[in-house]
Amino acid sequence: MDKNYDLPIDAALFPEGCTRCSLSKFLVWITIVMAVFGWGLYAAYRVLAEGLGVTGLDDYFGFGLWITFDLAVIALGAGAFFTGLLRYILNIDPLKNIINLTVIVGFLCYSGAMLVLVLDVGQPLRAWFGYWHANVHSMLTEVIFCITCYCLVLVIEYVPLILEQKQLNRNKLVHAIAHNFHLMMPLFAGIGAFLSTFHQGSLGGMYGVLFARPYIARDGFFIWPWTFFLYVLSAVGSGPVFTVLVCTIMEKMTGKQLVSWEIKSLMGKIAGTMLTVYMVFKLADTWAWANDILPRSGLTFDQVFYGWIYGKWLLWAELFACGVLPAILLIIPSTRNNRTLFYTAAILDCIGVTINRYVMTVQALAAPVMPFDTWETYAPNWAEWGASAMIMAYAALILSLSYRYLPVFPQEVKLNK
Amino acid sequence: MSSFKEFKIKWGMAIDLDKCTGCGACMVACQAENNIAPQPDASNKLKSLNWLVVYELTNGKSFPEHEVAYLPRPCMQCGKPSCVSVCPVIATDKNEEGGIVSQVYPRCIGCRYCMASCPYHARYFNWFDPTWPEGMDKTLTPDVSVRPRGVVEKCSFCHHRFMQAKDKARVEGRDPNALNDGDYITSCTEACPNGAIVFGDVNNPAHKVHELVKSKYAFRLLERLGTDPQVYYLSRREWVRRLGDNYLENEKVKG
Amino acid sequence: MEDRQLNSSGCAKDGGKCCGGGITPFLVGLVVSLIFGWWVFPDMIYSKKEQPIRFSHKVHMESAGMECKQCHVLREDGTFAGLPSTASCADCHSDVLGSDPEEARFVNEYVKTGKEVKWLVYQIQPDNVFFSHAAHSLDGCNQCHDFKESELCAQCHPDVANSDSAPTHFENKLTGYSKQTMKMWQCERCHANENHYGVTNSSNACFVCHK
Amino acid sequence: MALDRRGFLKFIGGATAGILATPVVWKSLDDVSIWTQNWSWIPRNIDGANSYVPTVSKLCPSAVGVKVRLVDGRPVRVLTNNDHPLGGGLSSIAAAEVQLLYSPSRMKRPLKRTADGAYVGITWEEAEAMLVEGLKKAKGGDKLAVISGDETGTVNELFTALAAEMGSKSCFIMPGEAQPAAKAWELMGGEGQVGYDIEKSDYVLAIGANVLETWGPVIRNRHAFRVGRPHGEAPAVRFAYAGPVQNNTAATADVWLAIRPGTEAVLALGLANLLIKAGATSPAADFADFKALAAKFTPEQVAAQTGVDAKRLAAVAQELAKAKRPLVIAGSEFGQGGGAAPVLAGLALNALLGSMNREGGIRALPYARKVVPAAMDRKALLQNDLVAWLGKVASGKSAAPQAVVFYEANPVYALPQADAMKATLTKVPFKVAFTSFLDETAMACDLVLPVPMGLERFDDVDTPYGCGQVVYALAVPALAPLVDARPAGDVVIGVAKKLGADLGVATFADALKAKAEARGASFTEPSATNAHVSNAVLPVNGIALRADVLSKAIDVKAPAFPVALAPVAKLNVGTSKTATPPFNTKTVRRWEIQGKELYVLMNGATAAKLGLRMHDRIELSNPAGKFTARVNLFEGVINDTVAVPAGHGHTAFDEFSKGKGENVMRLLAAGAEPGTGLSVWTSAGANIAKA
């Protein structure tokens, strides 16, 4: 084999027909990422060695940044299961051009969330009790099982992509495995869609069942409070555009076009449709909450907001600026195909679902229930930011490696000719 | 949601808020009895671990119409606890005769879901390992295990005293399931010089608390949420009773 | 690097031929770990300890005609005293009674100095476990069973009534607990047995056994 | 056979499969989780046999009767003793007494101060020799002073006897409620110790006296409160409280009369005015004078001086008049510095109400006989005014003593103008502290001698001030001292011997035995309480109302400051002797101490007037001293008054109290009460500036 010394020294590992930056440039980037990772690792060490007291959490805010982070990334990672569902089960073929990225993003979101959970539980060495001594009545049990299983599914979906690495794939066995995996993908996509729907729902259900917390308690359907369905819908209404945003950021960083606009627009259309459905229900839910659940608990709408930090602006922002507005922008073809408006809508959409997960977690715990109790505020400290940044760094690392060495984007060669 | 058991015995408290001066003896007696570690700086009340906390209540009026009351808040041992069904590992349950909500520390994984569910803030997390000044750990009682960091704990109604009372009854040849009024009382009940807390079996007519909870002045915290607490409060002051639950402006308080 | 990559993938063309062994390495691994896991490991995690004095329950039970509860006393308030103190042993053994050199050693080293014997307890439970000996009485169990006292004790404790020396104490190197410390499922043999409910007032509620 | 990579992978595969089929992984997982239940750095439970020792708390000012639970001789709890005449519950400090045995600030051995100011451990033999040497230099002519923090113990007799043998009468007890009361009772011509029969009263009006928190035998008082207030029913005994702050007593009282600090006597006279108008009278010889004095205190006049609402005042007067067995208790809101006038006026009210020498009223209780011949008896000791004496020493009017002995007293922290008091003590060349804790006073001494804690020693409590009955309670050791401490009584006896004096008792235990006998108590049999109650009372004859003294003493000048200061005393923060016990930091209210900062309380109107809001940082200053604090808005404070939580701002002790908050005593300056000459420091004021 002739060697072209103009190519980066690891060029043999690049996806077929793709160009990449020099190894040294890549290593500089990786060093930056690893520095952030190291900070998070230190935070994680302190938390595990000394206890959760080093965080900003307290007895009022047992859940804080980490749970918000987990819920948000799990919602945003929903692009994976929903795109998979559409691609493999409903056979929307064009989605094959972005399916790899949705799988990686999904995998990162879920595995990252699980890493954070290791820090977030007080006794990580006993965390396996969740499987062994499972309480079937707890929504959290459903979450634990579904997230674990779905994370395994994502690994299974991610593996063939790794096996398709140019050099690895030369091995016949590897090639055969990768191929067979692909054939089985509809099965896993189906399982994934099932598991993911359930745990997205269970995450919402986790809050809705807290019947003594009027801020988040919701009546429901059968064993599930409404939040179960709202979480599923909000996740599928934001996950796809999050993948698009990740893709676009990668495009900006690499200076290449990786996915064609049509695909992005399609993802936007999917998310927009789901978001619209979600917003209809969410608005109805909010109305019913303010007019039924709150007064039933002896509370008024005004009473569950406080100052600036837990002000009504959060609700209005979530519902309208980051809910109704992006839904409209994404669902109307003309605005959707305006790139600026499209990206604005996508960003607002993701912010909206993050606000939702934040208020459901933090504001819900801040809102006093006993009349003589007080509003308390919560601010995450360095340890929580550090550990969250570690997950971001971890994601950046995996994405960088995947992009550099794996055939993630089928359109890349064609689009960059 | 799971169903909740009914019990023949129902340990409960009737706390007369008109008798509590807020002196804090119950809080100290609780810590000593239940091997709760002291904290050099406990000014962050959101991170100081005390199973029993005395809240300060105000009628909200300006001087001189102002009134103050103190409300000791143990675990409510809810009849329909919001914390039990959410626990993913069955570390907390309400399955024993007497209706005390158990918390099993070696089972708890520290997910804090139960804390999120409890509107009374009765549950506490061990943010750090507990430490005592040198030698003070020798004053730990043998009755309650010391909790490591990373687990949730809460008031147990001094459950070990229940077990001790039953054992004493057994040795004396009495029926351990028919304890007399006063055979089993909690450390805070015992410590309060004002007798603000009366403890006993709410279901047993021979126990004083049985009548007290029927008083027209009796109320429970956040009754309308449906948690069905086993801790009752009493106050002849209407404004105090009104602070027991959230009332809309036009709603009347009972009693 | 690249060359190695190429080589190994080249190798793969020949399949099992050049990188032989077929299933043998797999089997070797399997057997090695099975041996390790079943025979070496269980031994490795315990340290062995012997009692400081060789004590014969048999002599006390048979020759002296004693019962368990004479030394392992239930106190008036319902708590259990566990092992007898040197002082209570000295009620009989104020001086050497027999010819056993261990007894003489006990009298000389402990009774005369007033030192307590650091007996090793086989059944000691973690702090988070509450166990009431008062609740597990002969009267209670013998409503249906027909236990002798020593038989009842042996439901949980090693049956030492007929032995001349106490068994070796295996201490888990990680947890510090005896190998014979009962696990929860063993307690549940009775506590989760519904036939016991209503007869013995037993319950399988968490707080009955945890503190 | 060389193992190639593929073979190796197969081997690993087989090994993995094999391991999963053995207990290795599963047993390890389980063991690890068991390990997390038993971390070696978490303390273990230690089982054993329970035993209980009934005793009385010498640590808690409420002198609460308790029992100590021991497990195999190891003390684990202080428990309620319902049978004890001083028991029936716990105070928040007595509840922590067992844990305080292991307080980080506990004295472990005798210490002497070296030239460079550092403390070094010495043996008891060295310490006693040093004590003898130091005392030798203080022989004759009031050159030795004794300051005791024990109001009820027989140990005072040994100290005062030693002082007497050394030719000194400068013996003092730390200021409290007993001293002004003794003075007032003496002025009225009463005999013995004044007692308040709260148990049998049906209407208790506490003026200033924080009867449910700091005044008298608090737990006994609270037990009476408990009995008189059945759960959820209309109370059989009504409680009214008058004071500047809605404190713990006011929180449960049926009536709170808000009055300015230091105006207790005026309020009492205002009530007297109304009662006399309603027909109340007294057989006292000077009733006419008193009537004339009371006539001046019309409701309007009283309202102007005290700030009390005239209607509420009238209502209380009516309730008092209607009650069958009313009882008025006057005292200081923070347990000291109140002067004789409030008590005098309060006792006069009782006289008007016919409560003298009546069930549920005022009782004259006999003092116990001295058991150490040379000692000062309690009556004599109560006549010595420590604050006044120190003032004279400070100003040079009295010569500074050559030696001072402190017994369980912490005047450097706990006296008014604490900074000035500390400076005064520097004039004394030899200072010795008998103490359990290395407190502020010990830190100023040349020799510090550890005494066993109350739970480790024999001691006694003889009829605390406020008790309605003679109660003699023995403190018995629940355990041997954990540190190298010696009972102060025995040390004093030994030292006296070395100084050539025979105190007449061989051991402290003998003194206690004699005292018990003097009280008619017998402790030969084991008892559930080790306490003795007697119904002995002295006749109350020819009581004078002393309008002459009152008219002078009541001349309270309103402080010339924008705000008045009202210190608020609570037992949960401990005492000056103990500081805040480790468990009690959690009982300190949120807006009382945050980190190292103290919060002071004022109502919204006062704050608005001063332009302050919640959490504002302010500086409180007056000629006595200054400090910064933050504002806590609390509507239960009278207008133009700042309530300052007392008991904070320690500069000694341990991490549980040192450096937290500020010591309110630094802002209080003592003055002399006209007519009685007693030191008073309940009428302080301060300037407020934003800091």
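Per-chain residue numbering starts at 1, and chain names A, B, C and D are given in the order in which the chains are listed.
The working rule: contacts are C-beta pairs under 8 Å (C-beta built on N, C-alpha and C of every residue); 3 or more make two chains touch, one makes a residue touch a chain.
Note that this is a predicted model, so its numbers are computed, not measured.
Chemist: Which number of steps is the smallest that gets you from subunit B over to subunit C via touching chains?
Modeler: Minimum number of steps from subunit B to subunit C: 1.
Chemist: If we look at subunit A and subunit C, which chains touch each of them?
Modeler: B, D
Chemist: Would you say C-D or A-D is joined by more C-beta pairs in contact?
Modeler: Here the pair linked by more C-beta pairs in contact is C-D.
Chemist: Where the CA atoms of subunit A average out and where those of subunit D average out, how many Å apart are those spots?
Modeler: Taking the average C-alpha coordinate of subunit A and of subunit D, the gap between them is 61 Å.
Chemist: Round to the nearest whole Å and give the separation of the Cα centres of subunit C and subunit D.
Modeler: Here subunit C and subunit D have centroids separated by 53 Å.
Chemist: Report the inter-centroid distance (CA atoms only) between subunit B and subunit D in whole Å.
Modeler: Centre-to-centre distance between subunit B and subunit D: 30 Å.
Chemist: What's the distance between the Cα centroids of subunit A and subunit B, rounded to whole Å?
Modeler: Going by mean C-alpha positions, subunit A sits 40 Å from subunit B.
Chemist: Would you please write down the residue numbers of subunit D that are in contact with two or more other chains?
Modeler: Residue numbers touching two or more other chains: 32-37, 44-45, 47.
Chemist: Hey, what residues on subunit B touch two or more of the other chains?
Modeler: As it turns out, subunit B has residues touching two or more other chains at 49, 56, 58, 90, 105-107, 129, 143-146, 148.
Chemist: Could you pull out the residues of subunit A that touch at least 2 other chains?
Modeler: In subunit A, residues 123, 126, 129 touch at least two other chains, as defined above.
Chemist: Would you mind writing out the residues of subunit B in touch with subunit A in their complex?
Modeler: Touch list, subunit B to subunit A: 1-2, 44, 46-47, 49, 55-58, 71, 82, 85-90, 107-113, 115-121, 123-129, 148-152, 221-222, 224-227, 242-248, 251.
Chemist: Under the definition above, what is the set of subunit C residues touching subunit D in their complex?
Modeler: Contacts found on subunit C: 8, 18-21, 23, 25-34, 36-38, 41-42, 45, 75, 77, 79, 81-82, 126-128, 172, 174-177.
Chemist: Of all residues in subunit D, which touch subunit B in the complex?
Modeler: The contact residues of subunit D facing subunit B are 33-34, 36-37, 39, 41-48, 64, 69, 71, 74-80, 88-96, 98-99, 101-104, 212-213, 218-219, 222-223, 225-227, 229, 231-232, 234-235, 246, 248-252, 256, 258, 309, 482, 570-572, 581-590, 593-595, 603-605, 635-639, 654-656, 660.
Chemist: In the complex formed with subunit D, which residues of subunit B make contact?
Modeler: Touch residues, subunit B against subunit D: 14, 16, 18-25, 27-29, 31-33, 36, 38-43, 45, 48-50, 54, 56, 58, 61-64, 66-70, 105-106, 129-130, 132-148, 190-195, 198, 208, 212, 215, 217-218, 234, 236.
Chemist: Could you pull out which subunit B residues touch subunit C in their complex?
Modeler: Residues of subunit B touching subunit C: 90, 92-93, 95-97, 100, 102, 104-107, 143-146, 156, 159-160, 163-164, 166-171, 176-177.
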